[in-house]
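Here you go, one structure.
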Amino acid sequence: MRVALFITCFNDTLFPDTGRAVVRLLERLGHEVEFPLDQTCCGQMHFNTGYQLEAIPLARRFVRTFAGYDAIVSPSGSCAAMVRDYYGRLGEIAAEEEGDTALAEQVAQVAPRVFELSELLVGQLGVEDVGAYYPHRVTYHPTCHSLRLLKVGEAPLKLLRAVRGIDLVELPEAEECCGFGGTFAVKNADTSMAMLSDKLRHVLDTRAEVCTAGDNSCLMHIGGALSRQRSGVRTVHLAEILAATEDDARA
Amino acid sequence: MSGPSPSFPESARVALADTQLRRNMGYATQTIRAKRALVVDELPDWEELREAGRAIKERVLRHLDEHLEALEQSVTRAGGQVHWARDADEANRIIAGIVSGHGATEIAKVKSITSDEIKLNEALAARGIEAIETDLAELIIQLDGDESSHFLVPAIHRNRAEIREIFLEHLDVDELSDDPRELAEAARLHLREKFLSARVGVSGANFAIAETGSVLVVESEGNGRMCTTLPPVLISLMGIEKVLPTFQDLEVFLQLLPRSSTGERMNPYTSVWTGTSDGDGPQEFHLVLLDNGRTSVLGDEIGRQTLNCIRCSACLNVCPVYSRTGGHAYNSVYPGPIGAILTPQLVGIHAAESLPYASTLCGACYEVCPVKINIPEVLVHLRGKVVRHKQAEHSGWRARLDPEAAAMAAMARVFSSRARYERAQRLARLGQAPLARRGPISHLPGGLMSGWTAMRDLKALPQRTFREWWVERDGSRADA
Amino acid sequence: MSSAREEILGRIHAATRDVPESEKADDVAVTRSYRQRHEASRDELVELFAERVADYRATVHHVRRASVADVVAEVCEARGATRMVAPADLPTEWRPSDGVEVIADENLSHEQLDGIDGVITGCAVGIAETGTIVLDGGPRQGRRAISLLPDYHLCLVEADQVVGGMPEAVSVLVDGVRSAGRPVTFISGPSATSDIELDRVEGVHGPRTLEVLIVGADPRTTDS
């Protein structure tokens, strides 16, 4: 399959290894990955913070950049959800405020083809065993957008269970939000930290070496505190675990 | 609401430091969550009920005037009287007028958040009328001069030892343990005397039925039954959005509400009365219909769904923010997720700017809402209104000075061109050099971002972006 | 105040101007695919009802029709109740055979009701799924005050009055409300509060003891 990669501005700049892992993984499974260089940002931060009008040009750029692809994959549940679930609303606003009815039409074409990584693998490509090897104790945090908006369900866990050598341990109170919430982490830093404090405790209780998830935004938040506490636990994106093989272990 | 209240972040900071509150809230919300999950899982048709609940509310709200007119007719036909109140002051005047008209200086009151919204007790006190709260939690709060922090379990922030202290101080008892049974008995004796002597009862209304003129109070303790049955005069205060079309529609809501609120198959007592009944209960019934901003909510096509709310509090119990900060941090009669969307719409966005941001948009509330209010959608919509309001207020140079607006505008510009975006990536990498000498960044200067490093490390920007790697790889592949 | 009324209705009209003039309330679709009735036999429903009522810490007995009067007398004696109020139309077969004075409610004062040992009533319908007894002031139930003030409520439920769930119960009650404006009280266990650390504590106001007798429809039924 020809899959276009929607890396997200965040991963492009801060977590390029996650993008590289997605490319490696999909090529290993025999698919062709394209990367339209015109992509920048989906506009989630603007939209969620109340700058919906400012997000409209970003949505227009997205639908133009990704027009014509059969499948678009993103290693970010929240950005995939932004496009799939909220670009429709941006289309409505564009029509109401700017008389632009074209955006809604383009969104209807492109948005249904956007998938978060685990959705693509399990739901679209029908694969659970991606041939990965990752001999570490790992716990999985289901991020809110992937859980409640995209409803990825068991897909990430199915993929992780099939990883050779993995010691997968269940995270207590897994479905509780980690407290990131985009600008919430700075506007409401105290509450964000109170929520993170409990998430951290649950992660540490599992005695896992690695905490993984399908969103680097949440992992940056969780990982930032794990690092500050010098806890000896790290965060690794789901894609990087799935891309890992025996070759990496040897290296 | 008079005077500027502290913002949510400020109030939350104080609340979060109260370890007793954190413990009480954590325990309470976890307990109710578990109970709710059990009784909801029992029903094979929960999702069908939710959908019917949502649809029935949609039907009512799209035709609210028709339903209210029908309700007025039915109530009147059944022997009751209907009053209309545009705002809190008018409602208070009407109610006080009825009470004074009967020469009463005391009323027996069933808990009603709507009455808290209009500050009924204060308004009555100003006219020399004492409102005796008869719900155990409201009694606790009233005795202690405190305020409710959860609209279903208002004294959720108090544990039994604290309640014992309050009772010992204010009730006519010499000794009291902190056993809940004994505490309840003390309240029972204190209030029985009030129930038998009150000339006017005042209640809220969970629902009213347009078809029949019936009004309902859903409760646990029996004080609702007492106040709506024993006094000869009954006044019920109801937000206009609470009307339902037909009596048969109760088959949906009487399943949705108890399971969502107290996590029971059915709450102990639900009372339904229709006007007045000869020889049974009050012989004079007044229904006060309250607007007080609800028509504004109705007029916002996205915000309108907020009025679906049946005040179950399921969203509060499941909210990771509320369950840690408690209700007082919202500085509003309605706390939690529903409060974050209802209050700004009732009082005006400018008076509650921080509430729509008191959320991570995790969506847990929407998942449990029995009438499918898409709370995250309304939160984002209201955030748009806050931004638009600020932009309208501060035009020109003042707008450009607002750091957040400036940052958003700058980022939008950066993202609108590939060249600008890639340049910004390179600049950020250069700019971090002094901060990221070795290992993670532990301190970011400046107001906006220093909140991050106050409690978390930040990893340094990698040496190469993803697209730089891709272009290089593509280049070398093309050569190969 | 007609001016407040007109103003509020006017505001509503303006607020809902997005709704087409031609749309009627019933045009808004309501999908009622939730369960309308329980598929269960009479015996299964009665058993479920008894279980669910007992879950609320109310005491439940199954009684054959012929033994009602004796059982009523027994439970009153066990309770120590010697004076019970009842609606004037309480059936003779339900009156305790011995040891209890039954006072017909002929407009007793609230103080008199407060001082009595308990109340005996029938009901309008019983809901198995939720263990709920519903009174609507109809036959054998009396006015609301008599089942509210006494501390002990002895309620007789005929087996064929038990329905599966809420939709069925509402169907039973609706005519009484539509035609006669009957006041309805749904009772699910004795009074309780969870306001103190969420500990469900029985008995704040309202009867602290609820005892239920399920009366078999068929005297030959072998309920214990």
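Lettered A, B and C in written order, each chain numbered from 1.
Here is the rule we go by: contacts are C-beta pairs under 8 Å (C-beta built on N, C-alpha and C of every residue); 3 or more make two chains touch, one makes a residue touch a chain.
Computed from a predicted structure; not experimentally measured.
S.K.: Using direct touches as single steps, what is the fewest number of steps from chain A over to chain C?
M.R.: So the least number of steps between the two chains is 2.
S.K.: Could you pull out the chain whose C-alpha mean position is farthest off from that of chain A?
M.R.: That would be chain C.
S.K.: Among all chains, which one's averaged Cα position is nearest the averaged Cα position of every protein chain shown?
M.R.: B
S.K.: Chain pair with the most contact pairs?
M.R.: So the chains sharing the most C-beta contacts are B-C.
S.K.: Between chain A and chain C, what's the gap in Å when you average each chain's C-alpha atoms?
M.R.: 53
S.K.: CA centre of chain B versus CA centre of chain C: separation in Å?
M.R.: So the centroids are 31 Å from each other.
S.K.: Quick check on chain C: which residues sit in contact with 2+ other chains?
M.R.: There are none in chain C.
S.K.: Residues of chain B touching 2+ other chains?
M.R.: Within chain B, no residue touches at least two other chains.
S.K.: Under the stated contact criterion, what part of chain B meets chain C in this complex?
M.R.: 24, 27-28, 31-32, 44-45, 48-49, 51-52, 55-56, 58-69, 78-79, 83-86, 90, 134-137, 140, 153-156, 159-160, 163, 180-181, 183-185, 187-188, 191-192, 195-196, 211-214, 220-223, 225-226, 229-230, 240, 245, 247-248, 250-252, 254-255, 258, 262, 264-275, 277, 279-281, 289, 291, 295-296, 298-299, 301
S.K.: Mind listing the chain C positions that touch chain B in their complex?
M.R.: So the residues of chain C touching chain B come out as 1, 4-5, 7-9, 11-16, 18-19, 23-26, 28-35, 52, 56, 107, 110-111, 114, 127, 129-132, 137, 143-145, 148, 165-167, 169-171, 173-174, 177-178, 181-199, 201, 203-206.
S.K.: Can you name the residues of chain A that touch chain B in the complex?
M.R.: 7, 9, 11-17, 19-20, 23, 35, 37-38, 40-41, 43, 45-55, 57-58, 61, 86, 89, 144-145, 147-149, 175-177, 179-196, 220-221, 223-225, 227-228
S.K.: Which residues of chain B touch chain A in the complex?
M.R.: 8-9, 12-13, 16, 22, 320-321, 324-325, 356-364, 366-367, 377, 380, 382-388, 404, 408-409, 411-412, 414-418, 421, 425, 428, 440, 442, 448-449, 451-452, 454-459, 461-462, 464-471
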